[in-house]
Amino acid sequence: MSEVLLEAKAVAKHFGGVKALRDVSLSIRRGEIYGLIGPNGAGKTTFFNCMTGLYVPDGGGFSFSGTPLVADAPHQAAERGIARTFQNIRLFGNMTALENVMVGRHVRTKAGVLGAMFQNAATRAEEAAIRQRAIDLLHYVRIEDRADDLAKNLSYGDQRRLEIARALATEPQLLCLDEPAAGMNATETAELRELIDGIRRDGTTVLLIEHDVKLVMGLCDRVAVLDYGALVIEDVPAVVQKDQRVIEAYLGA
Amino acid sequence: MDIFLQQIINGLVQGSIYALVALGYTMVYGIMGLINFAHGEVVMIGTLVTITVAGTLLKAGMPVALAGMAGLMAAVLVCMALGWALERVAYRPLRHAPRLTPLITAIGMSIVLQNLAMMLWGRNYMTFPSLLPKVDFELAGANFTAIQIIIVLVSAATMGGLLLLVYRTKLGMAMRATAQNPAVASLMGVNINRVIAAAFVIGSALGALAGVMVGTYYEIAHYQMGFMLGLKAFTAAVLGGIGNLAGAMLGGVLLGLIEALGAGYIGDLTGGFLGSHYQDIFAFVVLIVVLMFKPSGLFGEKTGDRA
Amino acid sequence: MKNGQFFRPTVSIGLLATVLVALPFVAALGGQAWVRILDFAILYAFLALGLNIVVGLAGLLDLGYIAFYAVGAYTWALLASPHFGLHWPIWAILPLGAGLACFAGVLLGSPTLKLRGDYLAIVTLGFGEIVRIFMNNLNAPINITNGPQGITLIDPVSFGAFKFSGTTQIFGLSLSGPQKYYFLLVALAILVIIVNLRLQNSRIGRAWQAIREDEIAAKAVGINTRNLKLLAFAMGASFGGIAGGIFSAMQGFVSPESFSLIESIMILAMVVLGGMGHIPGVILGAVLLTVLPEVLRYGVGPLQMALFGKMLVDPESLRMLVFGLALVLVMRFKPAGLWPSPERKRELQEAAP
């Protein structure tokens, strides 16, 4: 089909004696919504953390649009175009929603100390552009009316949206969402689904870790299943749903 | 060779004292994440109380052994009360305050205690009464005294007792649980206030004991003596991995050895450029180097960033 | 309405400027000693605002800030005194002092800034002590710092023939040395205030705040946390170096005693006591902690004599006692400082259970 955006090659990670990831290899294609599912403790978040540089894999590695990703450097992952959200929402709580998204622009802007001190034309223009882009993104995730509220005072659903807006501010090629629907009711989940679909339509590849199998199967182009740290299957939802091993992994767990 | 052995002995003695003081820092830090800067002052007050009590009793004609015991008991009791009061009055109201707030309070309490001590005991050096017989031994060309042996043995015994307390008693279990996760511990029925108070009281008792040892060993005391001692002991606690009891003990002994050996050999090592008056920098240089390579200290568990 | 908006800031700035200009002359009525105290208040405000970049903006706990001040002070003292017979001009020494302090900051910061907050505190504290011990002992075998005696007869600040020491007649006004330094220090303080303000509301300042809030999330959005922390550390250190140079020149004398741990603590206390991250608060903290002890120093002795007819308590120890108590009490009743920023006040109120 289309070109491979992210490729994981035999990624392994263990914590003490526990093998959290056993040589997981998979590939995400540009433009798709890719689902990563599995029972609790299957290694989904560990895989995520390895990919975004928070953990250093014990074996294997990643390549992103053709070149290898440097391990142990989360800020470089963002620079390369991988943005993420967190399962347990990590916003800058005492900054406003707008400021949170503005921080997301950091990696695509460059004003330094001298620019800040002398407030030259380039710095002022950049600052205005950062603000405008952040406002646009708040509109995009439809929380523009909460722009000046502290992030920690937003409702749970709005915090999820804000985290997505902040991730989008880094202009990612690959947006990784770690259980974005966790704790959401049916209406909120439906809205989220619409949002993710929109993000893909606007050209960003999405990697989705999710517990909600229904959401994943309905939304994703392809799905990978992890169990006990190993890849069980990687295929289109229709095939994955019927796979005996997947059914066992979920029922047997 | 005899210099080497001599410095090992000196280092062990000094290290035992550091270890006792370091335990006070590490227990409080382990449970509530606070650097109790005033702990060094608690040690100092322990020394000065002993001077007053034991000195007065000796003058009144009491036998040395009895006066010494009375001095030690008085120091331990006063310090325990002081530790309890510190926690209750200064730190407890700040448990949910921003992170820097209790640190500044601790520094403030350290200044307050130091100056109170100066008002009570004056700004001059004081002689510590001799409470132990001066017996010298010689081993392979190195000299050591009965006092040194007693300091090392008593420290070792005390630390053994503390480990038993923490790993074998219900209070110890509550302390460990609180250190892991105060919120969950409290849900499980642990009385957090009591656990924290216990950490302060036990730490202060150990501090008092260390204070008496310092006094007996150096035979001199001063209202400012707690500050550098506290700083070094805290360094030892960080060196061993703060929050870790065994780490604090090993860190203390290690620091004592490094200082003694460093002071003994720095002249030779630098061709006479740096002399033994650089002794005080070893603690900090070692600390910086160790933390560069082992950011959680020598024996600390690798703690990930907390969510 | 528009007129009113324009009017108010202009008036308050004008008022502030008038007060700032009049202050050294008012203080002089009580004697030049009070002008010197004023000078120190501003010097400390400058230092505290430098530290505020590190602690308040970037959230790094630095307990050894005085070390950078010491580097700047000794740079000036060594290059502009009879000790080595060197008398370099200010435009050479001050940047050099700032540069060396900055270098020391990077040297200390690059291996240690990945450490947890409290570990960083103890490492910086240790570094401060190392620097002081070296200054105390580097008089043998080669006499570099002259040891505990310190260095004397240090050149004052001068621009060409205009010296900041001694009395000068300008525009029919007679300006004393401390009064001239006062204006120099005010100019420097305004500079550091502008730097603080502009950094706070910039891309860099936002990144610092993000690191303070959640370091992992900051990394995940592409912030190079290590470099940004190092930047804050180096900037704070540079300002410390500048302040040290001016201190050296103003005093004419430096010794290791001026750079003890209690000084580092004092400056941190100014930042926290006043209101961390809030510029007016930090200035208030600096002025209070400089002036109050002096008032106590001059007030406590005579007061005791008047009340009891004799000295009951040594004024020096009472001064420190009151300082210590003040720290404890302010932290107890105003945990965010005496004059916190409105945002911070809001944070605390909302965080309260």
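Just so it is clear, A, B and C label the chains in written order, and each chain counts residues from 1 on its own.
Operating definition for what follows: a residue touches a chain if its C-beta (ideal position, glycine included) is under 8 Å from a C-beta of that chain, and two chains touch if they have at least 3 such contacts.
Treat the numbers as computed from the prediction; the structure is a model and nothing was measured.
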Problem - Middle chain, criterion being Cα centroid separation - result: C
Exercise for the section: Please name the chain that ends up farthest from chain B once chain centres are defined by their CA atoms averaged. Expected result: A
Completion exercise
For the pair chain B and chain C, the C-alpha centroid-to-centroid distance in angstrom is 32
Handout entry: Distance from chain C to chain A - Cα centre to Cα centre, in angstrom
Key = 44
Completion exercise
chain A and chain B have mean C-alpha positions lying a whole-number Å distance apart equal to 48
Handout entry: Residue list for chain B, restricted to those that touch at least two other chains
Key = 307
Fill in the blank from the handout: Touching at least 2 other chains, the residues of chain C are 216
Problem - Shared-contact residues (touching 2 or more other chains) in chain A - result: 90
Completion exercise
As the complex stands, chain C meets chain A at residues 194-195, 198-199, 202-207, 209-210, 213-214, 216-225, 231, 235, 343, 346-347, 350
Fill in the blank from the handout: Seen from chain B, its contact residues with chain C in the complex are 29, 33, 35, 90, 93-94, 96-105, 107-112, 114-116, 118-119, 123, 227, 231, 234-235, 238, 242, 272-275, 277-278, 280-281, 283-285, 287-288, 291-292, 295, 303, 305, 307
Practice task
Spell out the part of chain C that touches chain B in their complex, as residue ranges.
Solution key: 55, 61, 108, 111-112, 114-119, 121-123, 125-127, 129-130, 133-134, 136-137, 140-141, 215-216, 261, 265, 268-269, 272-273, 276, 313-314, 317-318, 320-321, 323-328, 331-332, 335-336, 348, 351-353
Practice task
Using the touch rule from the top, collect the residues of chain A that touch chain C in their complex.
Solution key: 52-54, 74-79, 83-84, 86, 90-95, 99, 102-107, 109, 111-113, 115-117, 119, 123, 126-127, 130, 150, 152-153, 166-167, 169-170
